[in-house]
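You will see two complexes here that share subunit A, one where it goes with subunit B and one where it goes with subunit C.
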Partner chain A sequence: MNSSMIPSELRKKIALQGGAVIIGGTVFVFFWNDLRKTAAAHIQTSSTSRISGILPSLISDLNLILPISLLAVLFGIACAFYLEEWCPATSWIRGFIGSQVNFLTEIPSLLYGLLAIMVLFSDPGVFKEIGAFPLAQNANGSGLEVALFQRNTLVFYAETLIFILMAMPIAIKTTQEALRSVATPIRESAYVLGATQWQVLTKQVVPLAFPKMLAGGCRSMSRVLAAAALLIGIHIPNHATGPRGIPDRFVLFLGGALLLSTVSSFLTIESGTQK
Partner chain B sequence: MNYSIETENLSLWYGDFQALIDVSVKIRDGQITSLIGPSGCGKSTLLRCFNRVNERYGNVTTEGKIEVLGKNIYDADVSLPELRKSVGMVFQRPNPLPISVYENILFGLRTHSPIRSMTRTESDQIVEEALTSVFLWEDLKDKLKVRATSLQLEQQQKLCIARLLPLKPKIILMDEPCSALDAKGTLAVEELMAVLAGTYTFLIVTHNMAQARRVSKECIYMFLGELIEHRETQALFETPQHPKTADYVQMRYG
Partner chain C sequence: MQTDKEKPILSTHNLNVWYGDHQILNSLSFEVQPRQVTALMGPANCGKSTLVRCFNRLNDFTSNFRFSGKILFKGSNMYAETTDVTAIRKKIGMVFRKPELFRCSIYENVAYGARIAGINQSSHLDSIVQKSLQRSGLWNEVESILDEDPKQLSIGQQQLLCTARALAVDPEILIFDEPCGELDPIATVKIENLIRDLANDCALIFVTNKRRQAARVSNVAGFLYYGELIEFGTTEKIFTNPQDTRTEQYVTGSLS
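And now, the complex of A and B:
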């Protein structure tokens, strides 16, 4: 797929987009510092927190990303493959899942974040009622912090579910689009040479659609991270912060989201040039 | 002379729409037969029945009998890959796979043989033979690693014919093989067909009546899903028996 693109052209695009991300990131950090100063009276940073520094954040990031990428993205891809390749065109399943997926992808990630807060951290929250909400009493961080870091299984599953709800529709939609982007003539020409459906998929369709599928995976993960960062942003007043005052995980999540969307846009550019 | 394809009372529906009505046809072995008729009269549909590509679209019902090479292709023991191996197909727009020329020619063989069953020398030879028989070897022998979609259209279409040959098909179906090509490319493909005609049975769909007259020995005229007339090309064009055929070949219709 790279072969169709001149390397210098690709480098130029990487430079342009990477530059934009770096500049945007720097500006954002400065503004964030300013914002923090003006609101300093309201924000109590707990830099003495036990949970600070980059390592715990990284680990809890992985804790968040791994189950979601395993469950949501893989299941989403499998679902898209079923819908596109095996499900009969006239079946009601296709229409039903299609409309649900469209609906769920159109919801802004902010709403999912709010849903997560409502379910997990509100005072009369579900988990409080069933006695699984001892987290708010923890002095060392917000409920979210603890939910992500100190594994309370029930909260962990609930939160994973919400993120799956957010990530899977995008994974389904982008994979479906990627599979559709492989033109019918290519499939047909493989079929009339006597290839079975499995051979057509593994030898032609998947290699051609792979960059777009990867881009879709990145996009859905980026959405998850952005929403997680948003949750932390809302909970900043009692959140653990790093030495410079910016909550580590907030930056980490946002940075991850930015990085993933950049990667996703590269992949889309590249696969867009293929014939 | 034997027949390679025979159909009896073949009817086909796309949903509620009947695209083929009681078509009974016998296609002779080892010569070029062309299918002519106005657009939407079921020529391509009939062509696509013979290697069962129609089934991929879903919502298709077929009735009647189709015998290809003496075997009913709707029998339970017919394997689709084997059927499609012996009945090759070339499409309207050249559609080589987006891989190298070399791999394009070997794709068919590779799908039908176990992994790593061919040595490098064997596969080199197969590619050379296939390209030589479509008169492309001289042009492409230095471009075997080039992506096939970057070739000229004419070369692509010839390549699409060439990649069928290693599979040793008996029948080659062509769905308007020249409509995307210019006059020179059309001529080249027609010449190629004339050369290969002894070895393979060709069935071509064409809108170009001059082409049907030039290349084919027998000609089938279809109209709105029905087979109207099937005779030798010369006779069909000069003394059409059915008034509808006369209308079409004398350009009073369509």
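And now, the complex of A and C:
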């Protein structure tokens, strides 16, 4: 541990309080005023969206983010398990995927967002060119219904793709690190008692690596949300804004990113002090 | 001696082991008899651990491990295609240099082997735990704290707990890979006494780089020097009348 001067209990406290201050501050500065005015049916005229406030954004984005993130992170974890536990060390698959994952995680996350805007969302977008997906617009409803379902299929696939591209490499990398962090002697002690590989994985490796795996999942999600918030911040005209001109999604994503990174740091500290 | 009539429980024939291109062991052949302590001694990094890790196929996890030759466990080839590796590992237990305990209570640590073997009756488990702890001589010390974290035990007690954990699956061979490497003298004496006691029930293979310890504990000893088994025979003969000059130098302390 690099900060062995500070006792672990104290470190945990500092992290907890720091996290609480960050989250509380964010909520207070951004959310409070907006939520209050949304409740008073404050409607901002905007180029694409007909209602404003955090709630519609929250619902429509959770609608997209939750399933996709679960998919991306879970698939990343499964991939890492395969690479670490079953794939033979000499196999080319391991080297190939390992180098690709390293490459993808080293790219600054903003570049993914720019890729999304430039290539996928732009008018002569890649998908439109190759005609891969139908461009059904279903924005004929009104009110909350529009906010929920106004995104068209193209945008949905583009968002999904970028999301997976960003979240999965980090999920793979952090899970691999978590699995490697379980010391070989622990595995061997279980093996010499006659445990099968599956028993060693489920009873020894996963319980020990779980906090780190969870932290990795949170980290990858937080990265995605932060990049999204940044892009929305740049890309204001197309989004519903709150009363002070700050886009709702910017607030939402930034808050989510902060929350997840704080959770991730808690989990890392927790797994660090287990020994 | 009565043991001379018995069949060897484990025998190696012309065993060669490589890690990549580097040869670790060079045509070893010897036999391990039941109810005896077989010591394998030699300087550090001469292949002792690699050798004993062949016996429960732990080397399978090392990616560039290659071997030739034969290891017979009770007459059947251990590295045959049809061998059930987990069954072999249940029969051949191992205690490592550093006590590595699972993150659960003392009771659960000892019961682990029985649980993964499918024993779930609490009365049966209780008796297994008690018996193994008694055999390892730790029962009186931990009887009242069975449900507590084993990290509070001293390192010597932890090593005894590891031994109890290995005994709980009732192995026929128990391998000690430098069990006293991290221990203080008092705990070392305890472990040595335990090893002598356990020899009444099963075959023991004892790896050490301390020649005096080998002399104290073992019935049969082998001297391993950089991948070669220089000499193998009864401890008495090895220490009083060695045939090879290198063995003589080693047991007198001039070669290390």
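Worth a mention:
By our rule, the second predicted complex is superposed on the first by the 200 of 275 C-alpha atoms of A that agree within 3 Å, B and C clash if a C-alpha of one lies under 4 Å from a C-alpha of the other, contacts with A are read in each partner's own complex, and residues count from 1 in each chain.
FYI, a residue touches a chain if its C-beta (ideal position, glycine included) is under 8 Å from a C-beta of that chain, and two chains touch if they have at least 3 such contacts.
Just so we're clear, the structure is a prediction, and the values are computed from it rather than from any experiment.
Once the two complexes are overlaid through subunit A, subunit B and subunit C clash, as defined at the top of the document.
By the touch criterion defined above, A:P88 reaches both subunit B and subunit C. Within the superposed three-chain model, A:V21 lies out of touch with both subunit B and subunit C [touch as defined at top]. Once chain A of one complex is fitted onto chain A of the other, the partner contacts of A:L259 are absent, as it touches neither subunit B nor subunit C.
Shared-chain residue A:L104: touches no atom of subunit B or subunit C.
Of the two partner chains, subunit B and subunit C are each touched by A:E188. In the superposed model, A:L161 lies in contact with neither subunit B nor subunit C.
On subunit A, the patch touched by subunit B and the patch touched by subunit C overlap at residues 88-90, 185-186, 188-196, 199, 203-204, 208, 274. Interface residues of subunit B facing subunit A in the complex, by the touch rule stated above, are 51, 53, 56-59, 80-85, 88-89, 91, 93, 95-98, 107-108, 111-112, 147, 149-150, 160, 163-164, 167. For subunit C in complex with subunit A, the touching residues are 56, 58, 61, 63-64, 86-87, 89-90, 92-94, 96, 98, 100-103, 112-113, 116-117, 162, 165-166, 168-169. Those residues of subunit A lying in contact with subunit B across their complex are 3-4, 88-90, 185-186, 188-196, 199, 203-204, 208, 274-275. Put simply, subunit A touches subunit C in their complex at residues 88-90, 183, 185-186, 188-196, 199, 203-204, 207-208, 274.
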